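When the chains are written out, they are named A, B, C and D in that same order, and each has its own residue count from 1.
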Amino acid sequence: MIYEVTIGEKTRLVELVRLGPNWLCKIDGRSFALDVTSIQTNVLSLLVDGKSHEVKQDIIAGETTIVVGHQQFSAIVRDPRSFRSRRRSEASGSGPRKITAPMPGKVVRVLVKIGESVDAGQGVVIIEAMKMQNELKSPKKGVVKKLHAPEGVLVEAGQTLVEIE
Amino acid sequence: MIKKILIANRGEIAVRVIRACREMGIASAAVFSAVDRAALHVSQADEAYSIGAATAAESYLNIARILEVAKRCGADAIHPGYGFLSENAKFARACAEAGIKFIGPPPSAMELMGSKTRARQAMQSAGVPFVPGSARGLSLAEAPSVAAQIGFPVMVKAAAGGGGKGMRLVRTPEELKAAFETAQSEAQRAFNDGEVYIEKLIEDPRHIEIQILGDEHGNLVYLGERECSVQRRHQKVIEEAPSVAVDDDLRSRMGQVAVQVAKAAGYANAGTVEFLVDKASNFYFLEMNTRLQVEHPVTELVAGLDLVHLQIRIASGEKLPFRQEDIILRGHAMECRIYAEDPDNNFFPSPGKITQLLRASGPGIREDSGVYEGWRVPLEYDPLLSKLIVYASDRASAIARMRRALDEYFVGGIKTNLLLIRRIFEHPDFVAGRINTGFLDRLLASRPEPKADENGLAEIAAISAALFAANSATSNGRNSQSGSGEKPGSSPWKQVARVEGLRNE
Amino acid sequence: MIKKILIANRGEIAVRVIRACREMGIASAAVFSAVDRAALHVSQADEAYSIGAATAAESYLNIARILEVAKRCGADAIHPGYGFLSENAKFARACAEAGIKFIGPPPSAMELMGSKTRARQAMQSAGVPFVPGSARGLSLAEAPSVAAQIGFPVMVKAAAGGGGKGMRLVRTPEELKAAFETAQSEAQRAFNDGEVYIEKLIEDPRHIEIQILGDEHGNLVYLGERECSVQRRHQKVIEEAPSVAVDDDLRSRMGQVAVQVAKAAGYANAGTVEFLVDKASNFYFLEMNTRLQVEHPVTELVAGLDLVHLQIRIASGEKLPFRQEDIILRGHAMECRIYAEDPDNNFFPSPGKITQLLRASGPGIREDSGVYEGWRVPLEYDPLLSKLIVYASDRASAIARMRRALDEYFVGGIKTNLLLIRRIFEHPDFVAGRINTGFLDRLLASRPEPKADENGLAEIAAISAALFAANSATSNGRNSQSGSGEKPGSSPWKQVARVEGLRNE
Amino acid sequence: MIYEVTIGEKTRLVELVRLGPNWLCKIDGRSFALDVTSIQTNVLSLLVDGKSHEVKQDIIAGETTIVVGHQQFSAIVRDPRSFRSRRRSEASGSGPRKITAPMPGKVVRVLVKIGESVDAGQGVVIIEAMKMQNELKSPKKGVVKKLHAPEGVLVEAGQTLVEIE
């Protein structure tokens, strides 16, 4: 199995090969044996050359965070052979852009109308949770194409609210 | 002794009070709003009653409804926790009229302390130290002599003020006139009241508070101080006891003033007297909180007492079981508040489902939590999830222990402030005890230290991300919990480190 | 200061030591057997090394292998925990020869205390009180006068004895001859050694031990006592500090004797001196445990100290940071040991997968655990899962708090002794502090009180059983975790108590 | 839904009927409303007439335990309409009887042979775990029909070791 993993500015190719009950890992041109055990859902115990790492994964609104010890990393994982992940990585380029809810909340105001022109950084929707309001801004200059969440509805984290083209 | 307590609250403090009830053999009755049926306090209490819609005004602030439930279920007392109705004198009076004991101070003391001006008058006549100032509106003509008498730097403040509006810092006599006039016109615009007064500027103060406890027979003690300077917009994040800035002498002087404050207010039960402390160890009365505080556990740990047990005993009419000289403070305790909020996104609240909850435990760790794995944190209330509290024999050990506990603690599915707490516990000023009320804002304004990628942890993270992806691809969506317990062969991860063993031999 | 510690142990005590290392900034290296790859101590340590097969002799008792790993990973010290190699003087010597600090007493002290006869000689010459007796083999002719001098009742015991064989209770002079001869011939048959001696019978003794701590510079202190009388076959189940049978005077006398014992043995680091205490508060030396005890947390809680931190500091050559008069004991602590065993089936061990683990938390609760949800407890080792420890200001509150904690604690998937612990904490003799080493056997021999079916709990259980069945039928095998978090409509259980609300209005 | 639930000596018929978002429960001729919420796997929160019960279920080797507060009950649940549970309840009557492992362990000795006559209470198999040995006894007089676990094997809790006819 080969994965392309981006952490920060750096993208690494991680190749995993079964080696008896363990794994052989190739990364950045080096190979080493990995002793991996699943401790709980989203928690792995890794032994690499004697070093013990308890690593945790957390996925919130489609974004993956990996916790190693007390360091935390945002990670993007692509399976180079997977059509779906290719498509997704294309979607994050230019072209139409979706504005999604960063957390669950209530849509208290929609500041734009379909067909309206918006600037990058212009406020588009206000959502509220725990008595705090958050203005979501357009990521690009464009035209409002779709409005998915009318005022007053409850939305989940990651739910698309507005599409800008 | 009280027989049944209705807890007019939710979250960790409701669970805290329910635990005390259980330990004392007292029946506990929880109340819950429409979105809190699955909350921890509901399943932990002996009884639980629905009190209305999600909006606090219709449930946890609904005095009529709460008293109706209390009467129906036969509760002889109500514990208000903190927040919600805890400092509402009207509620306390309504309880008394309904023949139900309000576990807290007399309504008269709550009313006195709820009014800034009345409190100041009463406390000043009792000789309690205040930040030096004019204490009343001034004319521009009076200002220079008052300011000179107080000594620069001073603050010009709107009498009707709040939120920083109509407030000006003045460092020299020359700046006074312009600042005074700006403040006046700003106050006029903001509050429709141009009255301003002058107060001494306390530079980089610490926020230190004294826990007091009084019975209904006139006995009052203080249980030492709590240092609460690590705060953001007056929201405390980390508290500790004792304070590095307080020695035995200052403690006893502040304690005595706090007892004086309580006496002047006709106070009983648990309360907290808040002070600003300047660099020269002068302390100034700020306000009195007429309730149990969020941060009461740090006092419990250093004093070896249970404040909620004591609150209930006091409300039952018992005398304090100790005198001032019996109080022995020992060791060091620290608390951090774990909030469902995103420090990277302007501290926006982050409700939602807690998909995973790994808790710290072992020596010196206490967790007062209101949540559990699988619970969906509702949108409607304060984002406090739980309080992680440590005890150790000294401050350095307590800091090390909290770091260890933070390593163990993990909340999945929602954003929390855990990483920010970690940053604070690693900050050299915090570690050295050089903290004041501006500390956290300065830390937030500074960029986080770009961590050296110690031990190639980013590489480990990259490998782990790939392993998780491979795991979910292999297990193909089935619940892979408990790989550890799987028989050899049934899990993609193997139990035994054969390869590792071979490599090293 | 020591820089890296290899922990030659597993389970809760390995995790306990790893936590201390992390708090002190010391690297920790775990070792694990073939069945322990997924154990908690492996994932919690900084490093982890496989040391062999499941059988302890091939792994956790494998001196050569452990030392080889210690050298390879650069550990400068080894913490042995309790059990396994912790009281093995040969191991301690081998560590010293390998240039690795053994965190414990000098091997000479371990050897002395490991030999019953040598220990008795050394301690008697140091003036330590022993159970009165002949201390050597007697002839039948000598027996009557020795017994008369000691005073009846006496025990006739085989010198080579153990396990109750060759042991006879004699209440009157008339019974002595027959008992002596039976004991002789039984001893001859069992041990091929007919030698017997006479000792005073201590009726219904308490088992009370003193924690001592010494540095490598000759300083020694005692940290009060632990009451460990609740035991089954010399296996302690519940421990507490302080003991109801020990007042300040007795504590200081026992403490001074314990320090004397340690001094006579040339002792350093943490150790425990065990005593029998009779009804008249006479105490008799039993043995010294030359290691950290399972029950050390109760002492930590009342003394406000961390014994593992102190062990490591002492092993690093530091002096004790306090003197005897600095030790302040405060409050009351209790520990119960949670075992994977089935008290209803002759205490047969119950390894297997922990399918659910709900932990106690909140005020005054400490859990030292070696397990987690989803882990499969292996067949091969001691069945101790975790230790639940409480602290409160007095004994009655500590008992109430432990009951509350036991209500919260739940282990699914395997049998545990939690219900038995509950029975003990409800027994009037235990609650009153009327305990001795025979208490638990008597409790086990008696039938459990047939509980009044308070509040129709059996009916609630029946309804619940049906609800669980209906739930699993409805959810049709899918993982139904987190019903609480489901959106309305997607779970068979609803979040909001509408019906309940309607009914009551 | 109707279930037959046996706790101790007493068997109760529990009928559950959906009533809006909650349940109506009929038991022993009485009916009342139940407010039920699932807290976690195997943990329910029940509100019955204001009383709050946190109830837990634990199933070990096929045996169900229900924990209510600090009381613990062994429960046998039958669905009267289910063929499978009928069969199972018949199986526990007379006729052939299975001896199952009460906990995971290792079979260290098999004390009988196929075709051998055994008395009720006679030791049949010894299993070992955590260094303790446990002798499993025949529940009835009869003849050894099958031996499922030879000496030396590891067995799971609930696994059939011997059948006696």
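To be clear about the criterion, a residue touches a chain if its C-beta (ideal position, glycine included) is under 8 Å from a C-beta of that chain, and two chains touch if they have at least 3 such contacts.
Just so it is clear, the structure is predicted and the values come from calculations on it, not from any experiment.
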In terms of C-beta pairs in contact, which of A-B and B-D ranks higher? A-B
Chain centre separation (subunit A, subunit D; CA means) in Å: 45
Dist(centroid_CA(subunit C), centroid_CA(subunit D)) in Å evaluates to 33
Centre-of-Cα separation between subunit D and subunit B, whole angstrom: 48
Would you pick out the residues of subunit D that each touch at least 2 other chains? 35, 37-40, 43, 47, 50-51
Residues of subunit C touching 2+ other chains? 37-38, 49, 374-375, 403, 407, 479, 481-484, 494-497, 500, 504
On the basis of the stated criterion, which chains touch which? Give every pair. A-B, A-C, B-C, B-D, C-D
Flag every residue of subunit C that touches subunit B in the complex, lowest number first. 15-16, 19-20, 22-25, 32, 34-35, 37-38, 49-50, 72, 297, 300, 304-306, 308-309, 328, 330-331, 353-354, 359, 361-369, 374-376, 391-393, 397, 400-401, 403-404, 407, 479, 481-485, 494-497, 500-501, 504
Note: in the complex, subunit C contacts subunit D through residues 340, 342, 345-352, 355-356, 358, 379-383, 403, 406-407, 410, 412-415, 419, 422, 451, 454-455, 457-471, 473, 479-484, 488, 491-500, 503-504
Footprint of subunit B on subunit A - complex, ascending: 1, 3, 5, 7-8, 10, 12, 14, 16, 19-23, 25, 27-28, 33-44, 46-48, 50-51, 53, 55-58, 60, 64, 66-73, 75, 77, 79, 102-106, 128-132, 134, 154, 156-157
For subunit B, which residues count as touching subunit D in their complex? 29-30, 37-38, 42-49, 73, 372-375
Touching residues on subunit D, where the partner in the complex is subunit B: 35, 37-40, 43, 45, 47, 50-52, 54
